[in-house]
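In what comes next, subunit A is part of two complexes: it sits with subunit B in the first one and with subunit C in the second one.
Here is the complex of A and B:
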């Protein structure tokens, strides 16, 4: 298929492995889905220690299930990416271990305390929900299909995060203060979740023209602010003074882009952000430590647990 | 058969002590094992094995929840049973508290096998428990445990087939086997007799230990693994017994634990203490 035809036909769930698609499309789709899959894995890596640190058995169960869900999402997404015929799952996982795989800015920051868990599970996952909901209409059908299951489960994760936030913000004075501090630290990163402004985004135009991406960074970010600023306030969180956020006449919000640290953002995007290397290298070490198992079971089709869930296909 | 012990309020001190002891053995084993299993989340050899192990961790945590819930009928709250309990009062076997070495996948697989065989025998001995709430919960747990054992055995057979896998399994077996035997150690001899005399469980620790040995020893040997101190009686290849020489210094059940337990306890109670909590959050409904 010619690129022009792709652009002409580009509609929701328009293309599948049955179509003969140009390499440019397949590469762009692979980059996007691989990024998404990697983010699921690195998000899970960041949250895993909080399974142990959860302050009740029910919370512990919910945290373990959430981390497991994220790994399941990674599994689905790598499959959707693999079906484009550019890269195998092993290549993508190896790249991630070697520091060549790209993933969400928020998952490069170390996480120390339980009070930070809703910053991921409520705000970052809430932001992810917004973007993922639009991706159910992406042009690569296997990706859109994966999003159906992912969005369903993410809905529970956001509720889980919201419940932890509510509990902390109705808890002791100390809990409220610690949560506010964590919020101030995470808030600019959360806003940057949606990436640079449209005019700085390198991949947006092409991805949009072939129907892979459904909404611009700016539109998604503003929609997130409209929804989550009132929610943050509802739970008693104060929105930090910086980055400045303007309330427009129609009651919607817009962020002052210049107040955000884009140098840090682009350092992160290159996997060069020093504090985040701990996560990348930690996962690499964990992967290398079990290489012997993968070598042992190589070529064994029923390897690794037999009853693992299948893709939603 | 002993009469049913229906109402927790009607129990005398001896009955209550026996019931509590039995439940703590069960709940603490499952809770601490789950705690260790979750270490493998996002660290397993493949995404598929990660998902499978996470399932097992959550199953065990769910079982712990069921047993702690029965203890709550005796007037305890979750914080008394877990988050504010003296670590020396936990009654789990030392097998479940030992730390993992990074990448040593043979350990959780073998540990799971050793534990799950014991769990199977223990649950069978609880099917007819005179405490109805225990008997009622056994079935649900058994259906999940069956799969855990299958999972462990399919992995064991695969690992034992490779050079490195076999070597690592042998190392893990040498290290874990004595601790696995603590599963059958008493919290206190008198209370353990009461548990059986009252019909709370219908097999003694000795009986279960012998049965366990007669299961695991031939199976492990069939994988070409050497079982250290197998407890096999010289005069009869089908007779086994757990003896004192086979046991590690710490027994778990009697409150003596390895150093790893204290570290683990500090980690899982960290947030609860840091936030100054005095109760735990329940988000799920009480089990039926």
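Here is the complex of A and C:
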């Protein structure tokens, strides 16, 4: 298919592996979906320690379920990316381990304390859902199908994260204060979740023209602020003075993007941010530690059969 | 030879199983599938798959999940205030529907 034809036809769920698509399309889609898949995996690793640190059995169950979901989302997305024929799942996982795979800015920052969990589970996941809901209309059908399942599960993540926030913000004064401090630290990073500003976004125009991407970074960012600033206030969080946020006449919000630290953002985007290397290497170590499981499964693939597997409940 | 037929109603939707046809080869299976399953309901595409190529595992072979109470997995289990984002509400509705259908089949 010619690129012009792709652009003409580019509608929701328009293209599937049955179509002969130009390399530009397949490369752009791979880049986008691989980034998304990597982010699911890195997010899961960031939150994993909090299964152990959860303050109650209910929280422990929910955190464990959530981490399990995120790893599953990663796998779904690697399949959707792999079906474009540019890169195999193994190559993407190896790149992630080697520090060549790119992923979301927020997951480069280490997380130390339980009060930080709603910053990821409520705000970052809320931001992710804003974006993912629009991607159910992406032109690459396997990606849209993955989004159906991801969005189905993600509602629980956001509500659980919000429930933790509510609990902390109605808890002791110390808890409220620590949560506010965590919020101030994470808030600018969360706003940067949506990526560089439209004028600095190098990939947006092409991805939008072939129907892969549905909304620009800035449009999504503002849609996030409209929804989540009132929520944050409702739970008693104070929005930091920086970055400056304007409330427009129609009740929507707009952030002064120049107030954000874009140098740090682009350092992170290149995987050069020092604290983030710990995240990347931590995942690499985990991948190496379970290599024997993969080897056993691969080596066993031909010999196996006959015994019923246990479904993970 | 039996071929299982999967029907997709609109472009972008899932192919869902809708029945099977007898046919000596793939070409004939596609034609029979089009006649038997693509005529009455709006159809965008059909898949035909040889029955013996399908692997099946059922509740006799393995204890599937989905029967344990996992209320913590549902958005509906959490107390929050204020209006939720539309996509969160949508996810919650899908989960509530799935929860209602649990054990229906």
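The criterion applied here is as follows: the second predicted complex is superposed on the first by the 295 of 313 C-alpha atoms of A that agree within 3 Å, B and C clash if a C-alpha of one lies under 4 Å from a C-alpha of the other, contacts with A are read in each partner's own complex, and residues count from 1 in each chain.
To be clear about the criterion, contacts are C-beta pairs under 8 Å (C-beta built on N, C-alpha and C of every residue); 3 or more make two chains touch, one makes a residue touch a chain.
As the structure is a computational prediction, the values presented were derived from the model and not from experiment.
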item: Three-chain arrangement built on subunit A, subunit B and subunit C clash or fit; value: fit
item: Touched partner set for A:75, first subunit B, second subunit C, both or neither; value: first
item: Contacts of A:234 with subunit B and subunit C, given as first, second, both or neither; value: second
item: Between subunit B and subunit C, more extensive residue contact with subunit A; value: B
item: Touching partner for A:251 - first (subunit B), second (subunit C), both, neither; value: neither
item: First (subunit B), second (subunit C), both or neither touched by A:145; value: second
item: First, second, both or neither for A:61, with subunit B first and subunit C second; value: both
item: First, second, both or neither for A:166, with subunit B first and subunit C second; value: second
item: After the two structures are overlaid on chain A, angle v-u-w for subunit B, subunit A, subunit C in degrees (C-alpha centres, nearest 10); value: 70
item: Superposition-derived minimum Cα distance between subunit C and subunit B (Å); value: 6
item: On subunit A, positions contacted by subunit B and by subunit C; value: 58, 61-62, 65, 163, 308-309
item: Subunit C to subunit A touching residues, read off their complex; value: 11-14, 57, 61-66, 68, 70, 72-88, 90-92, 94-95, 98
item: Residues of subunit B defined as touching subunit A within the complex; value: 31, 35, 38-39, 41-55, 57-58, 61-62, 64-65, 68, 78, 82-83, 102-105, 147, 150-151, 154-155, 158-159, 161-162, 164-165, 168, 267-268, 270-272, 274-277, 280-284
item: Partner subunit B, residues of subunit A touching it in the complex; value: 41, 44-45, 48, 51-62, 64-65, 67-68, 71-72, 74-75, 78, 113-115, 163, 167, 171-172, 174-175, 178, 283, 285-286, 288-297, 300, 303-309
item: Subunit A residues touching subunit C - in the complex, by the definition given at the top; value: 12-14, 58, 61-62, 65, 126, 129-130, 132-133, 141, 144-145, 151-156, 158-160, 162-163, 166, 227-228, 230-231, 234-235, 308-313
